[in-house]
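Below is a structure I'd like to ask you about.
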Amino acid sequence: MAITDISNRKKFPANGNVYLPNIAVIEKIIEETADTRTFHFNFKDEKLREQFTFESGQFGEYSVFGVGEATFCISSSPTRRDHLECCVKRVGRVTNAMHRLGVGAEIGVRGPYGNSFPLDYLKGKNLVFVAGGIGLAPLRSLIWNVLDNRNDYGNIDIIYGARTPGDLCFTYDLDAWEKDSSVKMTTTIDREHEGWSGRVGFVPQVLEQAAPSAKNAAAIVCGPPVMIRFTFPVLEKLGFTPEQMITTLEKRMKCGIGKCGRCNIGDLYVCRDGPVFSFAQIKDFISSEY
Amino acid sequence: MSQDAEWEPKILGFLCRWCSYAGADLAGTSRKKYPPNVRIIKIPCSGRVDPLLILKALRMGFDGVLVSGCHPGDCHYQTGNYRARRRIAITKKFLEYIGVEPQRVQASWVSASEGDKWSQVVADVTREIKEIGPNNLFADE
Amino acid sequence: MYRRKRKILSGDNMKKIKKKDIGKLLSKWQADFTVFTPSRATGVARMEEWDGKDTDFLTWYRNTVIPPKNNILPNMEAMFRFQKDEAGYQLEPVTPEQKQIIFGIRPCDARALTIIDMVFKDTYEDRYYLTRRQNTVLVGLGCTNPYESCFCTSLGIHPAQSADVDLMLTDIGNELLIEEITDKGKELLGKSSGLTDASSNDEDSAKQSRETAYQKVTRKLDTTGIADKLQASFEDKDFWEKVAAKCITCGICTFLCPTCYCFDINDEISKGSGARFRNWDSCSFSLYTKMPAENPREEKWQRVRQKVCHKYEFYPRLFDTIACTGCGRCIRFCPVNWDITQTLESVPEHSAV
Amino acid sequence: MNDIESKLRTEARNLLEQGKVNAIIGFAPGSLKFTTTPLITGDKEDTDRLVINPFIANNLSVFLHEIEGPVGIVAKGCDARSIVSLIQDNQLAREDVFILGIPCPGVIDLRKVEKLVGRDRDEIDDITRDNDRVTVAVGGENKEFSITEVLRDDCLSCESPAPKEYDLLLGEDNVVVGDRELSRSHIRELESLPPAERWEFWKNEFSRCIRCYACRQVCPACFCERCFVEESEPQWISPLPRWQDNLVFQATRVIHVAGRCVDCGECERACPVNIPLRSLTGKMDEIVEELFGYKAGTDKDAPPLMTAYVPEEAEDFIR
């Protein structure tokens, strides 16, 4: 599996100038947590709306004109074409500006960029999704993608955690997956919290207890770097090979297309060669630059 | 140009909340008449005024900046206005050296009871800045 | 090592021009092009629009401080303008249309453009860079007096020969010998005046002049196996900390580097309309990779490592060429005399990974 | 090898051997002609590479915050003033630094030499100094200059070439070879211009600024963990290298280091595009001295300029 193969990469379908965003309109805003919102949006140009395709795991560059651009994954599933979604945590200049926007506001969107989760490789396998906090956003695209093609995959385990109940994103999805008998859903929070009767414990620990089998399985991991760092050893203990562990990385990006230079880990550019990597590809770098 | 006659300076005022802001408030409630050219930003203390704020205001195109705080000895935080005094002194001198008209950087001590003084300060500052004309320092030809 | 095949030119199409006629030639070219020449008019040596008179640079010019990449990838350029009206945002791309000649570019800096072409062509074409590049004719001028900090010959570059330009000039005393390197150069030559045919004597003196220049580049760097050595030393924190100790993490080496192409993207707005720009950025700055919660290159040794490895390990792996041309600017202008050749020579031998 | 140099090597070695310092910061020979390079080392063998010559340009105190003390540092007069200033600002504890004071005879300004002989530094064969005369050998010819023609401007106006604050002074407190007026002549020249022309001058100068931030990075007084130019919420100045923002950056920087700037001149030397930054910092030093009688880096027990006040201070500019 060559996750970083860029030869068949889908290119931005518009106007030949990769830096020129397309205008999209915000259609709905969901308050996920105190500092995180999901934006539902659609391209203004009807034709583009139809032409635009992407795959789970890809990302876009989002503009608030006059403020700048920021990178977010597309958190909706390509199997649900009604609109696109991105999930934005308020952390800086552009994300603050995004949060100031209301329904009907226009943003710029470039993309889709980057590679995607290797569906061909995942098909027929048991899937273990491990996510923390806003790290569920990219996995969510894949989870819905998989659920919409449920017969193509084996067992599905989802382990999702956040610091507090208030930090859990996509609770409407969590409810839906909870109810889905074909999914084994585990939600956890880091520490005891008033009013929380569910699972308590850090994601890697909960994963270790859940102990999903590595046989014919793949683990897809996304969350804060510290969670990812502790999750890989647990997966290794459970018998997952580095090739069976897949993650999607976050780096500071500007161009999204391998030019501006900042998102590299060694000679891999997260925007161009990723953001989806197998642990086998990044394990040499994981201690120092990741 | 005829526009010049109509031109009114835009002045940014940084007013300490304890004295000058209250003084300006008093000027308002006692219906003093004075020019409307100063846009006011309330700050906790004149000691809060980083020279960067003054430069930023000029860069943004304000024609002048006015920092106003409590009289010496009256600072709510004991020494904030003394520190402001040093900062404004060097900023003013330095900006003058690089070619900024000294009138563009102004300072005053106005207490909470000095509504009259506030209206006078604003009138004087506005007049002085009007005399030197618009801030074209950062304009690109 | 990356090399371009040199076109073999037969002697009889070689031309030459008297140095005193260069002004006339540049004037002629100005009819069709914006002509850039080395200039100190702004207070620092760089490629500036020719003023129509001054050809003094033929005597003082060794190389510019600001590399000619600035004329293809400017330190600040507008990418598009935007405006908001009742119908929403309207975007208007800015296209670099100016046809330009860079007169006097050195072989190292011309190679640098060939090198960074690769990244701007890769996967997604960068219209801004590539359009400027297509609209630019490079007229190379061979070095006669390389700096003490130059080490181009160690990177397979000849200080007075180049296949990376369109026309190549060689100093033969009172005249400059002109070689056609590309069709673009040939076309430009067709629009030229004041040229005479070069004799075989001229070619001999050109050869001599080139040879002398080559010998003058005395700083040497052995690049054999450097990528593998760097890879093996990547995790050698002690080494990198030692190498980075005196670095003050300013942006001089990267901004003045002819192959450093990294950029930032920023918006400017006033009263509802504005523009998006890109401007040079540097891996020396900690903000460059800073994310809200983490920074993969927070420490300066990590940033120094990135700079060195990008040029001598990552770029060769991606594009089969070292992203350094030995122009020596990073050594010459470094406030602490951080010397990349010393760093590369001191990379420890680790067993291969 | 001169006396001071050999003494320095012995002392530096002793400090490391006796465990009195974790590291030595000094100068080693540079890789280019007439340059030295900072040497930061904990290895006593490296002390044999320490040099003292007329090209010890860097203000080494800029490295102090990076190394866990105690650290031995080679300090010229200006470097020692920076150290004092850092102590005043609580950036450094006196006991964490062992100052190896160098009575500095002045540092030669290579840009001045280049200008005088019309050649680049690497084309010059030799520069030798004999008291007040400097001989530059270039193209088989010896050119003689007076020391005041080739010393850095900041050296010309230096009032304490030998450190006042030190743990060990290597050599005699030397005579000041100064020409304060000469070193400030550019400032006087600018002051004689009308305001609009002064502004025009700086506008032109900052039009070529590339925002490499070398001026800030070489400056020991610029010790903020995060500089205002890097703030993004709010963004105080545009990251684009426009002359307007370049000028606001530099003007603010100069004001921010008022009372901390010891006139080491490093910002100007580091600037790759030749902006005469010392004509800004030097003026600020004058302002500070004129208004408050304050000289940066001269009294480690004095409060920093901007935290102090005298109630009766002049305030004729305040309404």
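We just call them A, B, C and D in the order they show up, numbering each chain from 1.
The rule is simple: contacts are C-beta pairs under 8 Å (C-beta built on N, C-alpha and C of every residue); 3 or more make two chains touch, one makes a residue touch a chain.
Since this is a predicted model, take the numbers as computed values, not measurements.
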* Asked: Is the number of contacting C-beta pairs greater for A-D or for C-D?
  -> C-D
* **Distance between the centres, which are taken as Cα means, of chain B and chain A, whole angstrom** => 50
* Asked: If you average the CA atoms of chain B and of chain C, how far apart do the two points sit, in angstrom?
  -> 48
* Structure fact -> Whole-Å distance, C-alpha centre of chain C to that of chain D, is 32
* Asked: Which residues of chain A are in contact with two or more other chains?
  -> 92
* Structure fact -> chain C residues touching 2+ other chains are 264, 266, 268
* Of all possible chain pairs, which ones touch? -> A-C, A-D, B-D, C-D
* Complex interface listing, chain D residues touching chain C -> 30-33, 35-41, 58, 62-63, 66, 120, 122-123, 204-205, 207-208, 210-214, 216-218, 230, 238-242, 266, 269-270, 272-275
* Sort out for me which residues of chain B touch chain D in the complex. => 50-52, 55-56, 59, 72-73, 79, 82-83, 85-102, 106-109, 121, 124-125, 137-138, 140
* **Contacting residues of chain A [partner chain C, same complex]** => 6, 9, 11-12, 15-21, 23, 25, 44, 63, 65-69, 89, 91-92, 106, 108, 224-225, 250-252, 254-255, 257-267, 272, 284, 287-290
* Asked: Contact residues on chain D for chain A in the complex?
  -> 232-233, 235
* Complex interface listing, chain D residues touching chain B -> 190-191, 195-202, 228, 236-237, 244-245, 247-248, 251-252, 254-256, 258, 280, 283-284, 287-288, 291-292, 305-309, 311, 313-315, 317-319
